[in-house]
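Right, I'll just put the structure down here and ask away after.
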């Protein structure tokens, strides 16, 4: 089992992270990666009219606590699906539109496990890991509100049996 | 909308394909990639006891028809989810364990669209695109049977409303 | 002429047969071709008759009684196993 | 001493307050600290009282009446927005 969790200011290289998961070898058949990028506007799925141009995003976190929470989320994924490797990288500090924010990479024998686990880790990360975003929007800075859609996405997994 | 579909003997570079999706820019917030790798054994989820050591996999396809079917699958994904880009690369010819077989990359504004579309394209590709695999297993060669689990995975989407 | 294609395991079973056959009104559906093959290649015809085997004409999936015309490409497709 | 941490929007509201406060039996729960802050920082206490705000002690989420001990790190956490 290969688990790698990192909270870092510096950018990451998806190709290199993928290559590391691929080197797991034995029994490996599927790798899913999710990358979150800073959007050039701030929108809210529950308010389709809302859209503001974004210049910078500042990401704050709670050192040590964040890493532990991410580790807990990955551990939960491991109990739910049959996995060979999980990589989570979350950036902090000042980011611009199109910058990479977060990477979740999952390696498994069968594809459904990797797809499910990657989406689960993202949904839980969004609602349970101690990150906060401040957006610089239309010349003003504001802390972003949590989204109902993220809470709903995470709640989904509570009802799903391990498969 | 950026759509790229390729059936090719040569290997692909996940990092380069990801960079191309990432260059879409406007509104981009999520990129999901799925990569299928040749496993070092041939197993069947419906027969947990079945496991044979694999040396080579030969992939045959029906030129032109395959590309059209892949294109149809991507078009269906575009009607179901809000997407910004889709890349499908499927290799043919002789492959060894740990070689890359297939890549599906999906770019979108919100992560759920990219996750769902990538899994949908894989499930449909597995059951509807004209590829056939011959495995060289334990010194013998044999054409692989279609898996019930793949048929079930594809059938799943018939019941799911567009979301 | 009709151009016949056999994929996957069907290709191995059809390795000895002529893939370019003269167009003839008595062989003007995939079903008729399948039945005709039974004379010399009973095992191939048996496999072609499996319900999961599909047939295409000019790269479009069709029914077994689809009318054929001179120059058509007829392909016999066992269950696919890509990905 | 108790070490106080305020994250996200709470950090802006708490920018003026002392983050290292003497440990005292009257301030031995996060709730007591929250109430104490109301005297000089009513807006901050109002925000801290929102039901979505969580509190942690030494990086573990706890209830607001969790007992505090000298040296504890108490963090106030608004709803997270990572990813």
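For clarity, chains are labelled A, B, C and D in written order, and residue numbers in each chain start from 1.
In the analysis below, contacts are C-beta pairs under 8 Å (C-beta built on N, C-alpha and C of every residue); 3 or more make two chains touch, one makes a residue touch a chain.
Worth saying up front: this structure is predicted, and the values here are computed from it rather than measured.
A.B. asks: Comparing centres built from CA atoms, which chain ends up most distant from subunit A?
C.D. replies: C
A.B. asks: Need the CA-centroid distance for the pair subunit B / subunit C, whole Å please.
C.D. replies: 27
A.B. asks: Rounded to a whole Å, what is the gap between the Cα centroids of subunit C and subunit D?
C.D. replies: 75
A.B. asks: Give, as an integer number of Å, the spacing between the C-alpha centres of subunit B and subunit A.
C.D. replies: Roughly 23 Å, centre to centre.
A.B. asks: Among the residues of subunit B, pick out those that touch two or more other chains and give their numbers.
C.D. replies: 36, 122, in rising order.
A.B. asks: Counting only residues that touch at least two other chains, what does the list for subunit D look like?
C.D. replies: none
A.B. asks: Per the touch rule above, enumerate the chain pairs that touch, sorted by label.
C.D. replies: Final set of chain pairs in contact is A-B, A-D, B-C.
A.B. asks: Where on subunit B is subunit C touching in the complex?
C.D. replies: Touching subunit C: residues 36, 59-62, 64-65, 68, 90, 101-102, 122, 125-134, 143-147, 150 of subunit B.
A.B. asks: Applying the document's contact rule, which stretches of subunit B touch subunit A when the two form their complex?
C.D. replies: Against subunit A, subunit B makes touches at 13-16, 18, 22, 25-41, 43, 45, 98, 109-112, 114-115, 118-119, 122, 153.
A.B. asks: Would you tell me which residues of subunit C are touching subunit B in their complex?
C.D. replies: 5, 7-9, 11-12, 52, 56, 59, 75, 77-83
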